[in-house]
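Supplied in structure tokens, the structure appears directly below.
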Amino acid sequence: MTFNAAQIAAIINGKVEGDNNAAVSSFGKIEEATAGQLSFLANPKYEDYIYDTKASIIIINESLVLKQVVSPTLIRVPDAYTAFAALLTKYQEMMQQQLNGIEEPSFIAKSSTYGENVYIGAFAYIGEKSKIGNNTKIYPGSYIGNNVTIGDNTVIHPGVKIYNDCVIGNHVSIHAGTVIGSDGFGFAPQADGSFKKVPQLGNVVIQDYVEVGANATIDRATIGSTLIKSGAKLDNLIQIAHNVEVGHSTVIAAQAGVSGSTKLGNGVMIGGQAGIVGHIHLGDGAKVNAQSGVSKSVEAGKAVTGSPAYDYTSALRSQAVNRRLPDLEKKIKELETLLKQALAEKV
Amino acid sequence: MTFNAAQIAAIINGKVEGDNNAAVSSFGKIEEATAGQLSFLANPKYEDYIYDTKASIIIINESLVLKQVVSPTLIRVPDAYTAFAALLTKYQEMMQQQLNGIEEPSFIAKSSTYGENVYIGAFAYIGEKSKIGNNTKIYPGSYIGNNVTIGDNTVIHPGVKIYNDCVIGNHVSIHAGTVIGSDGFGFAPQADGSFKKVPQLGNVVIQDYVEVGANATIDRATIGSTLIKSGAKLDNLIQIAHNVEVGHSTVIAAQAGVSGSTKLGNGVMIGGQAGIVGHIHLGDGAKVNAQSGVSKSVEAGKAVTGSPAYDYTSALRSQAVNRRLPDLEKKIKELETLLKQALAEKV
Amino acid sequence: MTFNAAQIAAIINGKVEGDNNAAVSSFGKIEEATAGQLSFLANPKYEDYIYDTKASIIIINESLVLKQVVSPTLIRVPDAYTAFAALLTKYQEMMQQQLNGIEEPSFIAKSSTYGENVYIGAFAYIGEKSKIGNNTKIYPGSYIGNNVTIGDNTVIHPGVKIYNDCVIGNHVSIHAGTVIGSDGFGFAPQADGSFKKVPQLGNVVIQDYVEVGANATIDRATIGSTLIKSGAKLDNLIQIAHNVEVGHSTVIAAQAGVSGSTKLGNGVMIGGQAGIVGHIHLGDGAKVNAQSGVSKSVEAGKAVTGSPAYDYTSALRSQAVNRRLPDLEKKIKELETLLKQALAEKV
């Protein structure tokens, strides 16, 4: 889609300086943008780029006084970064909303229903008795099992797999390849050393405004629900085990994993590649550093690091000394020699 | 499906106390169950829940004497937990067996064959000369390459990808999104700093009663087979490199990885996010703690932890001292001061 | 496909000893090969296997003098391993090139184009205005979004998902289940503790001769491009965040992750399960050990290990002392006792 400067100014409530008809069809960084692209200049530090940029339109702060005439058309706003981000969000929503209808071939069981303005891509599969809300977009190749509920304004990216009985809220976004509702990892050891599967008959419930990255896995509960509360943001390749609860607006970075039945409070932050053992509790606002291994519950607001993880500040101190260990060992030997020598002389 | 108390009692060999016609269609935890759900009470510690539960039927120990009359219908058995688990397993098998037939559109090469009572979901792909056994279920969107053999009573969940020439046994379960038989990571360094691919022409062999979680990856051997022996249980997002062997009833937790040509014995237990280097051997019953990095072979029955990993008990001792390192460093400085002072005084 | 000894000798420029018509249809290790298989003997250490092998044809060094007559047909070449690898590569290319045509049902938007000798498997999806080059193979169930460009001689394995606007070069191989171009993990914290999505409008650019393993994720840039330069080799389950750059012939082993905006130079080697924080730079030829956590930029040619990672040699020294920590602590206590005793006696 192509927009001209006047249209963009109308959306972001800005003032055009230059050609009202200057047209753009994509976005670029000010230093890399080409003709036909829109960019922005928010930080005066990068002002010099505006004199060389090839961008056709630049969103710029009202307050910025330029040293010379520039070739792009300018759109002046109080805060260029906020206006640019708002524009991008608006643009994505528009693109998303344009997408609708049922592509063929797709498979939608007769007992399932879907709302208005939905998109169901080719090769998408929707099993028995599932419900898809209004404005929801199911991209090609996704699998929605039986008795699944998906709310309104939700985006299921390509190749997502949602097992039977799971519940997905409104304004949720699940990225490509992610699996929701696979069996929890539960096996009872037998006398002969083998393992017998413990049936996993619960489900996964994902509340509103949750985003889940690509190729992540969220297992169904043994009984009851694995629960991702509203506003939580989960990155790519994360693992959420059976019966875990993830609190409101909790953030989990890529490749981290949470073991069975652990409860994360609200506003918790988990760094990349961190691991949390099962059956513990992380209080609201707890912070876990990247690659940490958390083996005990963490109080609200506390930060931990290390594997096994403990208090952030103490752990950093130990890490610092750890680097000096060879010197420390040498020092101990010196002291020992000195002391024994002194004792020997005394005798 | 709906079952009444008399039917359930017949399956688990129990005795009904209450309404033989009480009906349930799903399962719930005793403290969360709603009308129309079945639950169980195994641990007397949770007895109080039975007086408030909304469940319609409760499976309960023969021996438990209740303090007051309860509203759900009871089914008495010698061991409520075992009976409940057996019932769930039975239920899942029944549901699974109901699933059969070939959904359209699917793609099955004419040179491939399949047994009785199979399910092949829509958008599933089966290449040339592949064989699918009896009672095996291939969920929608799965990809089975050429010359693949899959045994009886196996479940291939949605969107699993199995490359050419792989062999999957009986009673195997592979969860959604998992990739079996992708190329091993083999590249020969060239004089100019680039890498030349080493062709990966082996396969993956998965024996009976193996379960593999979601979005895992198991690479084909360079030559020969990457081998997962019977009864092994592999969790979500695990990585098994080329030419690895995983022993009978070995368990690998989520996000762990095993590098090329390493052999894991029988009954080995690998914790979550652990990594094992290539070309080593872990003896039968070896245990690797979560997040450990194993760089040397481990003897049968030994437990290791840490990155790099070593003997579990020794490593825990070092970890404990590690936390006291800042104090230890301070103590060394004090001793040094004291000693030097003493020596100075002596002079 | 079946080849006879004369045909193979012609391909690898070898000399047949035995039956020119001996035929093989697959490959095996010399110690495991069965009748109808081709194998090789490069290392004289394994010479004994040749007297027992069931292989029908063996590629062997010109120079090797055998102690007795053997049953397989031999093909003599100057370097058996190189000849065998070249043959395998040739064989794979032949198999790949045989694969062509458009399988039905597939979905190819009318505005998209594709070159000669392409393969587009069943259930593959190609969105609007995308371009597929010559000899490129798109396996079943893959998703190619809108405005995607894929070069020549590239292989997209089953179930790969490539989002809108991404660019894939020539001779690229992307393994099953991998996701290219999912949204970067960007959320702006709000005053109420919730997070607002930062639109991710850039793309991913993958240059020529790159190989990406299975179930990996490479996020699109916020603005601009996430860039994987030519010859880079990325293993299974790796995570590349938004705006990352990966240099030429850089190698990243399985389950490693690189956070946003970090730049990896050329010829960098990242071990399995390593993690690299965002906004740093690893110079050309830098080496990161498996499971390391890199939190600071690394100079060209330097090796680091540990979490947090630092200089490889120093870190190994600290690790060694770390194992002796309990002894060291004991020694310090002994010295303290000795010293205090000495001081007391002096008084």
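The letters A, B and C name the chains in turn, as written, and every chain counts its residues from 1.
Everything that follows uses one rule, which is that a residue touches a chain if its C-beta (ideal position, glycine included) is under 8 Å from a C-beta of that chain, and two chains touch if they have at least 3 such contacts.
Protein identities per chain, from UniProt: A, B, C = UDP-3-O-acylglucosamine N-acyltransferase.
All figures in this text were calculated on a predicted structure; none of them were measured in a lab.
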Intersection of contact partners for chain B and chain C: A
Rigid-body rotation angle, chain C and chain A, from Cα fit (steps of 5°): 120
Rounded Å distance between chain A and chain B, as computed from the means of their C-alpha atoms: 25
Contacts with two or more other chains, residues of chain A listed in rising order: 105, 123, 141, 159, 177, 215, 237, 255, 273, 291, 307, 322, 325, 328, 332, 335, 339, 342
Parts of chain A lying in touch with chain B, wherever the complex brings them together: 105, 107, 123, 125, 141, 143, 145, 159, 161, 163, 177-179, 182-183, 185, 187-188, 193-195, 197-199, 201, 215-217, 219, 223-224, 237, 239, 241, 255, 257, 259, 273, 275, 277, 291, 293, 307-308, 310, 314-315, 317-318, 321-322, 324-325, 328, 331-332, 335, 338-339, 342
Chain A contact footprint on chain B (complex, rising order): 27-29, 32, 85, 88-89, 91-92, 103, 105, 121-123, 139-141, 157-159, 173, 175-177, 209, 211, 213-215, 231, 233, 235-237, 248-249, 251, 253-255, 266-267, 272-273, 290-291, 307, 319, 322-323, 325-326, 328-329, 332, 335-336, 339, 342-343, 346
